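Submitted below is the structure of interest, expressed as structure tokens.
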Amino acid sequence: MDILRTTGISKSFGEVQALKDVDFSLEAGEIHALMGENGAGKSTLVKIITGVYQPTNGSIWFDGADRRLNSPQEAEQIGISTVYQEVNLLPDLSVTENICLGREPRKFGFIDWKAAKERARKALAKLEVDIDVSANLASYSIAIQQLVAIARSLDVECKLLILDEPTSSLDENETHQLFQIMRHLRDQGLAIIFITHFLDQVYEVCDRITILRDGCKVGTFRACDLPRVEMVSKMIGKSAEEIDSMGHRDFSSSEQALGPVILKAENLESRGVVGPLNFELHAGSQVGLAGLLGSGRTETANLLFGIASHDAGHLEINGKVANKSTWNPRKAVKVRLALIAEDRKLTGVIPDLTVRENIILALQASKGALNQIPRRQQDQIAEEYIRRLDIKTPSPEQLLKNLSGGNQQKVLIARWLATKPELIILDEPTRGIDIGAKAEIEALTDDLCKAGMSVVFISSELEEIVQDCQRVVVLRDRRQVGELAGTDVTMKNILKMIAG
Amino acid sequence: MKKYLSLLILPLLLLVSCKKADSSKTITVGFSQIGAESDWRKASTLSIKEEAKKRGIELKFSDAQQKQENQLKAIRAFIAQGVDVIALAPVVTTGWDDVLKEARAANIPVILIDRRVDVSEDGLYACYIGADCTEEGRKAGRWLIENVGKQAGIAELVGTVGSGPAVERKKGFEEAIKGEPGLKIIKSQSGDFTRSQGKEVMEQFLKSPERDQINVLYAHNDDMALGAIQAIEEAGKKPGKDIVIISCDGVKEIFRQILAGKANCTVECNPMVGPYLFDVVETYMRGETIPPRVIPHEDVFDARNITQEVIDGRSY
Amino acid sequence: MLKRLRFPIRYVPFAATVAVFIGAYAIGAISFKNFFTLRVFVNLFHDNAYLGIAAVGTGIVILSGGIDLSVGAVIAFTGMLVAKLTACGINTGLAILIALAVGILFGILQGTLIASFDLPPFLVTLGGMFLARGGSFIINEEALSILKNPVLDFIEDNLQLSLGNGVYLECIEVVYLIVLLCGIVFTQWTPLGRRIYAIGVNEQSALLMGVPVARTKIMAYGIAGFCSALAGIVFTVYLKSGNPLNCIGLEMDAIAAVVIGGILLTGGVGYLLGSLFGVLTLGLIQVLIMFQGNINSWWTRIIIGILVLLFIFMQNLITKLSDKKQ
Amino acid sequence: MNNSQSLNFIIGITALLVCVASTFISGRSQKFRHLRWPLVALSLLFLYNLIFKPTFFALEITDDGYLYGSLIDILNHSSKIALLATGMTLVIATGGVDISVGSIMAISGAVAATVIVSPYSSLILAVFLALLVSTLAGLWNGILVAACGIQPMVATLVLMVAGRGIAQLITDGTIITFHHPAFNAIGNGHLLGLPVPAWLAATIFLIALALTRTTSLGLFIETVGNNRTAARYAGIAARKIVWITYVFSGFCAGIAGLVVCSNIKCADANHAGLYLELDAILATVIGGTSMTGGRFYLSGSILGAILIQALSTVMYANDVNPAVIAVPKAILVIAVCLLQSDRFRSRIMALPVFRKFGGEPC
């Protein structure tokens, strides 16, 4: 029987219509995947179900009654709890508090910390996590934090659990742990909404799939009745053939003669952070950085781009030697290096500036404050990339915060392409991005390589790496454990190295 | 963890180490000054400091920066230090009972300077040195009646709202001119004892509908008067002629203006209280009875009794 | 491992403040006679009780990620209110209750403006400061003394505990210590207290975790309003008078005290107990200057400035170091 | 008399009409939205005077051939707030705040006066040194905030406290009075019938505008204020941007200090610019710049300054006790900010009564 029914839900922000008349229903004891491209309205629908937003139109029926949810805690009280895509916890507070906040066990009206810690431990134990619960959350890795977030939502008596991209920052094992927990909970009669971009994950755990596109519901299907390709084509509104053609890339470029060395790292190291690293990158080729989460991939990227300074070894980019002490992003940009960093929200998006300003930002920065790009030229650049990357925005003057996650990501890519880089570092560029955009971005990177640009490609999805890179550097425990090239680049080899 | 331990230990140490204040031979005087807001104030501070040096008295000086709470802290500190006499130039007249009682309990006499305080019982302070501002207000009023006459429209630049001198100088002046129906205060507005405010407010006076009736300005201190003089000049009028200017304190600058004919009269409020103060202190230390009231010599200055010498004689 | 590391990161700024306080105290004790006495120590509490209570309120608001500039003005206002009411022959106890109520309402009003219309706290409380200051002048332009008041006299004469050789532990410092204690318990052991920390750390996350952000904020400012009002009453007891010019710029002292105590202005980090040492340290600096006894007013200002600077530097340094260690 | 009254009335009406007109224009154009509510407030002020105190609008041309009247005073006195607000706006845009400007004013005035009364008295030297010192003061703030990473409010608190002390140290605690026609002109002179301070403020405003809008400095400042990490990742020298704004703020404060000190022909270390930092911040926020940083509006800040000064001038003109002026000021500030806040407007405008009033949330 149904536990949740939404009828005719619509929601609009300013000119942007995020949801149009969505009917959605959910049964108790099922895991229900919510699929769709970025901007399809998944997050918005979730936020409405959890009372963060109020729908412009439509009604919500939950657990036997019509509900008007004005706040997340109202939702929580009736048994809807959520784990969001970006970890939304409180880094400066202890793990215990992050789990118990708002429902602390009391003794004479005062918080009973002893009991609270006990509960926190129990909640984490369910996920087979064993950590010091009185330490600050900030002192743990993102993966742990993500698990803490899930533990928090399991801690309450909930009837509906919403997992919005919970696995995007988990590695294989953690993900499988999570799936076991999910199945376990389902069997206890809990309803779970699961949002992800990893298709195989959908088929691994989900019973039913609801697909959204451009704010409208495409349909709800049983997972077993819906072939992968069909689902994808429904999501992106393209036919299966198109998708096939998108996925593949011809390996001709790997056969072509290697260009000159554009990036050279010798014993590159930042003590206690990452290294020593040794690898080369030839113009017009792609090198992949493979490794589990926390294996030092992002740290390496930051090192190359001068966010963090290396304290040993030799780094040479585009013929310019990066000086230990003075290497910084501005210099990196000068030698035609670009970094599209992992944490979009923190390191990329300037929410209150317009799309145009966000796009020209890096280019302008490289030119320096004093010679401003003429307005007409700015508009041209913005228009060009909005077209090229097919960014969904009403106008270049729209504020970036009003765009969906995927489109924000595209804007950031545009920002760096605008600087005409010769070497671009893509750190999880497809994280939290739907298959359509993913394919587009992959296609784009290929074109870039063909055009003679080199790419350092960081991804937790080995398929992507294997497919795209002629050369793979494998990291483990913040150290380089090996390098594969040409035909050796296979899933098996990489996994072997990662496993060690 | 050490931190916490030492934290616990500290009070204990104190309890153990309480010792009586041993009295030394040299006289120690604690002086709590209001602040350093004007040349006048600075002069009075200087006179006390220099006099102390001259007489070999150890002076504990504390500047309250216009805050009563600071003065209370200072007096408590003086008591704790075990000074022989406490001198106090109170920033306000109210709220001194408790601390004065404490001083009495520690039998340290308190001498007030240039302002009285109102307290619930007598004998909380030993002596008061200085004219009261009310009297200065009266003097200003009388000078007006004698020299300008019984017909005048008066604009008043009040001091900082609520501050002692402002209240008293207003009161005194009003008392003095009460008898004269011809003397009306047309405009009265606070200039906060500062030149900039004095100037800004005067500008507004000179733009008000009643501007043509104003022919006397009474400013609660010289600084505001000096600001007002500029405003009057900018309005194209002649300060001292078109508008008679009376003010209080008697600082060098206003004398220059009077000599130049741009101002007319200033009621002196003598800041050089050092000698008077330490006379009293020494009499007390000799064990003699001290006078309850000492009035420093104070003049009313106008064009008749100001000469270059007088100006050069001024240190402030 | 983590257990061992946790001490520095969390408690370092606070511990540093305590260390500096003790150091300064030692210096005073060595260099001035009659400094290392119980009287001086008790005076520290007696003379700064009102500041301390205000600092508790400010601390709570800052922990919630806001700021309160209205403190000084509200103190003056409550003082005037109590003075006026008693002058009008209203029972003092009642007057005090009214004043407290007004304080709370004032705080809640500010909180509402900030929380439900997301106006910047700095601005709203600045407006509050103007309002309260102006209000106290409207009540009466000059100071009102509350002499011969049975209640206050009773408080003064009976509610005190002799500690020998003329030193008394009086009502107001006790009140301060009680308020401080309540504050600590409130922030560390009550759900609301933790919510205040939560919204201080990250409002968005807190909201998503089901914290009623708006209500919590309003509460925080309400409590701050209460503290300011109470500080005002303590100050009135301390002075036996109300004065519209009282405590101008006190909010800055309170903020300085809180910051010195190791609470970050960005909110969510720090401990109320720190504010105690912040307050005591500020008081101590003044006492040291008074004991030294011939420092120009301008030097006083400069020295205080420098000392505040030193504190901040030291805290930054130590915090950075301990971060590195982690 | 009658004649002059009607003249006042005409001036008043024109002033009012100008305000109202620009209100509607700003309401229409996307670019000047932020100016609308301050303008409404200003219009109301003028309307009040037009009805109850037409003499407020009295304007005369003096024998020396410059305009003279309350309106000019507003212009004249608001210029010092405007100067501070110009610098403050940029600082606030980076997500900071500078509460030391009042003290910096005092320092700058003290330096200038000391030079003027010294044997090497010269206008150039005085102005140069004063501005140099205040710029250095700004640099000091900048270093504390940008390099040492201290929270802006605490960092500038240091100079706010110590600054007046330093100023007094320079003047040795006295109020230095001087007579130096050339220097006095800075605060009292007139140019084309208008007071010099107003011209100064206008110039600085235009310079700031040019610096931020014809170059990309503005964009960078807004970026840093909006998301500092991202700014760094985009290759913007965030630190440099931040301390530049503090330096500029210090410079502006320096000029304001010169204006005040020359206006009253003396350096009063205790009172020069006391609490003026608050007015500057108010002006900035009234002008529509958010205290959390990001977008900034210089024109708004100038208007805010004028509005604040207009309020107190009107109060003086109506013999309101200055201690009480705080109250209407507070109300005005809160009111304008409420109207600036989208949430408030969207709630109010939801009421049918306001539907037609052109206030769709922007």
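When the chains are written out, they are named A, B, C and D in that same order, and each has its own residue count from 1.
The working rule: contacts are C-beta pairs under 8 Å (C-beta built on N, C-alpha and C of every residue); 3 or more make two chains touch, one makes a residue touch a chain.
Here the structure is a predicted model, which means the values were calculated and not measured.
In summary, the chains found to touch both chain B and chain D are C. Chain pair with the larger contact count among A-D and C-D is C-D, by C-beta pairs in contact.
Centroid distances from chain C, each centroid being the mean of CA atoms, peak for A.
Distance from the chain A centre to the chain C centre is 45 Å, each centre being the mean of its Cα atoms.
Per-chain CA centroids place chain A at a distance of 70 Å from chain B. Taking each chain's centre as the mean of its C-alpha atoms, chain C lies 31 Å from chain D. Multi-chain contact residues of chain B, defined as those touching 2 or more other chains: 35-36, 161-162. Shared contact sites, meaning residues of chain C that touch two or more other chains, fall at 137, 141, 244, 296-298, 300-301. If each chain is drawn as a node and touching chains are joined, the picture fits none of the line, ring, star or complete shapes. By the definition of touch given earlier, these chain pairs are in contact: A-C, A-D, B-C, B-D, C-D.
On the side of chain B, the complex with chain D involves touching residues 35-39, 42, 161-162, 187-190, 192, 194-197, 199-201, 203-204, 207-209, 223, 226-227, 230, 234-236, 253.
Per the touch definition, chain D reaches chain C in the complex via residues 97, 148-151, 153-155, 157-169, 173, 269, 278, 281-282, 285, 290-292, 321, 323-327, 329-331, 333-334, 337-338, 341, 343-344.
Touching chain D in their complex are the following residues of chain A: 305, 307, 329-330, 332-333, 339, 341, 346-353, 357, 361-362, 364-373, 415. Per the touch definition, chain C reaches chain D in the complex via residues 67, 113, 116-120, 122-124, 126-131, 133-135, 137-138, 141, 244, 252, 255-256, 259, 264-266, 296-302, 304-306, 308-309, 312-313, 316. Of all residues in chain A, only 52, 71-73, 75-76, 82, 84, 88-93, 97-98, 101-102, 104, 106, 109-111, 113, 132, 134-136, 139, 152 touch chain C in the complex they form.
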